[in-house]
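Letters are used for the chains, namely A, B and C, taken in the order the chains are written, and counting of residues starts over at 1 for each.
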Amino acid sequence: MTVIDAPRAQVPDELSPQRGRWHRVRPFLPLVALVVLAILPYSTMSLPGVFEGPVNSPGTLQLLAICLIFGGLAAGYDLLFGRTGMLSFGHALYFAAGVYGTDILITRAGLPLWQAGLLTITGGTILAALLGAVALRTVGIAFAMVTLAFAQVGAILVARDFGGLTGGEEGLPLDVSGLPAGLVGVTNTVNLYWLALAYLTLVVFVVHRVSGSPTGRVLAGLRDDERRIGVLGLDPYRYKLVAFTLAGGLASAGGVVYVLIVGGASPHITSSELTLSLLVMVVLGGPGTRWGPVLGGVLYMYLDHRLTAFGTSDAVDNLPAVLSRPLSQPLFVLGTVFILAVYFFPGGLTSLAPRLSHLTRALRPRPRR
Amino acid sequence: MGTVILLALTGLGLAALYFLVASGLSLVFGLADVLNFAHGLFLGVGAYGTWWAAGNLPGAGPDGFGFVIAVAFGVAAGTLVAILVELVLIRPLYSRTIEQVLVTVGLSLAGVALLQATWGADARPFPRPDWTRQVTGILGAQVPNGGLLLIIAAVLVLGAILAFLRWTRYGLVIRAGVENREMVTALGIDVRKAFTLVFAIGGAAAALAGALGGVYFGTVSPGQGGSLLIFAFIVVVIGGMGSVVGSAYAAVVVGLVQQFVNYYGTSGLGDICVVGLLAVVLLLRPQGIAGKVATA
Amino acid sequence: MNARSEPGLPAPQSRTEEPILSVEELSVRISGLHILQGVSFTVAPTGVTVLLGRNGVGKTTTLRAIVGLTPPAGEVRGTIRMGAQSLLARPTHRLVRGGLGYVPEDRCVFAGLTVAENLRLAERRGTTPAYDKVFALFPELDRRGRQRAGSLSGGQQQMLAIGRVLLNDNRLLLVDEPTKGLAPKVVTEVAEVLERVAESVPVLLVEQNLAVVRRLARDAVVLAAGKVAWTGDAHELLLETALTKSLLGVGSAEVSTPSARSELASPAVARKDQL
């Protein structure tokens, strides 16, 4: 008998009063960001400490592409958590279905990429619809447990390597021989980067459109108070199933792009830890906001990769063991930051911006009249 | 016949492990509505506490009475961590269910990483008395003693928890609180004290599971708690949230199904059957075998 | 006091005695819904004050706000005082120990516990529970001590819910719809009990059954649309048929109010309100 109170949605930034020119520029910022991200690979700039090589080096581009994918995944997951109030602990399953589905269809069945991708996304969506239909018979914490259990089946299927399809613990490297030439090889990493950017744009667009639609308003209503939706004569179950299926489909599409970027599938993407990290990303970024989950996803993946390097750096190694050992574990740092975030900035990163602007306004000398 | 007995008893050993983890989860969830992802951490602390004490604590050791002291130390450490988690992290977020779950999620990630940072990611051999490595012949089956130890411990814990719930004032408060927490406070009782208590009980049981699981498997690793936790969640849902007896029944069913199907079917099929069982139970009886309704 | 004085209404009587409970500008918002919008009234130190109004108007929300059981998503503003003491923002168990007895809607006995255990739960350290008093009022509870509360009839459960509150001394009782869903004969029994209880402790009662109101109530507070629409002498209210009908949706001639009850959206709604 749990009534889950998902974090309340933030007031969209567009609605909060802003001053002057900034206000007029703001709506175009996403577009500007998109253009900057799109032309980023042409830059040879080096950012020591931020990235290991120049921005357009394959290593950096691959890292950025992975960050973008997870930005998209987090935005899709937010459709469930932040916008509908559903606490799913099994979202990794649909992502993994995308990764392994594509990989198996290409590597084992020899299908061309477009067929494999299409089949996988369709399959992932159907899978989400079927499992969602069962899981949504429960609500709240029980729903969380059931989705977790379903995702565990995926993890077991992958790990036990039934029929020799998944490669078990070893993972399954992608057979690139049949892929379009433009997506293969280190020199073509930039194309994969653009693909990841396209995926992120797609997810943000879809989530934005859905949450602005009448369906989205029903979903927001479900998050705030499911009873009211029921009283209005709408069936919460169907709306939740739609959101669950859509989010599952988006996640499996992310898997299709991800398998191309990393060139194979490995069992760790089926772990419950991945779903938990999705939750961390969304909460860190700001659930129910347009850009919060994207930011959270990008930042989390970036930190996850960079903290490993940071942990083995001299600066950390020189610290006493009590400090250096935990700091060399990215998950320790991220988990701790996450707990602090839940306590001290529950609205996530996006809630920091208004607070900071309060602060700067308070610090700024009063305008003379 | 011997195979069936062996499978049944090893299945029960597994069930005992699940029960030790699930009983605390179920009580914590039933009373406080907290889905405690950090429960696996209590198990890890219990296992590493025992492991550490057997090597370093004066008087403790891998054998005889020293081993009892080592296990007691591990259980005490797990209990202490559980109490601290409740007081420091859970209590300030009283009644904010989602935030509480999020905090336990963060804690499970950070806690396991901390164990890994301190003792490494690889499994370490667990100190255990020699007799636990041996087998006992029961009706023609050679049953590992470590498994029998787990079964005995689980039965004792079940008895102790039930007696506590049945005969003590706090047990009464917990039983009432699982049914309707709000009404307990409306009778003038500070139900948060009971929260700390169920965390302590759950932490102790999980830590014991960690210590005895270490004996059973022969190794200890940071991720051990996490994988057990998922099946413990399944046990809790099947058994019915908040019901200790339901958890016991469900643990037995899950343990036996897993062991038998994994043996007679393909390895891994048993695990999948368990999740199938969960789906069936939820479709037919959303409140589980016994306990709170899970759907409202 | 009178929020909306309609012409022809009797002016609210001013009583000289100090009220036991005073609620001022109480406002409750739960997940965006502004349920109470500045409710003010007082409860006299003796007798029964009845809180009336159509369904969904916020009667239960008012009682729960007084006893500190507004859900965490809710926001409460205003002042609530019992005597000189402010009640707002104090935890429920403290309020109850301070002498605020609460008998909730739908009784909320612990179905899995025995009758004796239900009563034992209400015992407090350092005080002697008044079992004599409770068993004198409800001899049935003594006889059925070992029975599970869930297997009691609705009327017996109501007796248990009232009985466990009476084990301790109270300065004020909040009783929410004690006759809801009970058979007419049992309604009378419950009313009798409440009448006896009210001789020694003031009661703030939410009640739909106007026959019970007529029998018990001294003062009435009527809520409409999240505000106080009328306060004053309960019997004067019941004499004004037209007024009663406009405020409560029923004529005072109607003894029971099944029609009003059917307005409840669904049982599920009522249940979830208590979470």
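One rule holds for everything that comes next: a contact is a pair of C-beta atoms (placed from the backbone, for glycine too) under 8 Å apart; a residue touches a chain by one contact, two chains touch by 3 or more.
Everything numeric here is computed off the predicted structure, so don't read it as measured data.
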Task: Two chains joined by the most C-beta pairs in contact, as defined above - done: A-B
Task: Farthest chain relative to chain B (centres taken as mean CA coordinates) - done: C
TODO: Could you put a whole-Å number on the gap between the CA centroids of chain A and chain C?
DONE: 49
Open item on the list: Averaging over Cα atoms per chain, report the distance between chain B and chain C in Å.
Closed with: 43
- [ ] Quick one: report the Å distance separating chain A from chain B, using the average Cα coordinate of each chain.
- [x] 32
Open item on the list: Which positions in chain A are in touch with at least two other chains?
Closed with: 1, 3, 5
TODO: Would you mind listing the residues of chain C that make contact with two or more other chains?
DONE: 71-72, 268, 272, 275
TODO: Please set out, as single numbers or ranges, the residues of chain B touching at least two other chains.
DONE: 96, 296
- [ ] Provide the residue numbers of chain C that touch chain A in the complex, in ascending order.
- [x] 31-33, 71-73, 265-266, 268-269, 272, 275
Open item on the list: If we count contacts the way the header does, which residues on chain C are in touch with chain B in the complex?
Closed with: 67, 69, 71-72, 91-93, 96-97, 102, 104, 108, 110-113, 117-118, 120-122, 124, 164-165, 168, 268, 271-272, 274-275
- [ ] Sort out for me which residues of chain A touch chain C in the complex.
- [x] 1, 3, 5, 224-225, 227-228, 230-231
Task: List of chain A residues in touch with chain B within their complex - done: 1-7, 87, 134, 137-142, 144-146, 148-150, 152-153, 156-157, 159-160, 162, 272-273, 276-277, 279-280, 283, 325-326, 328-332, 334-336, 338-339, 342-343, 346
Open item on the list: If we count contacts the way the header does, which residues on chain B are in touch with chain A in the complex?
Closed with: 29, 33, 35, 37, 89, 92-93, 96-99, 101-103, 105-114, 116-118, 226, 230, 233-234, 236-237, 241, 266-268, 271-272, 275, 278-279, 282-283, 286, 292-296
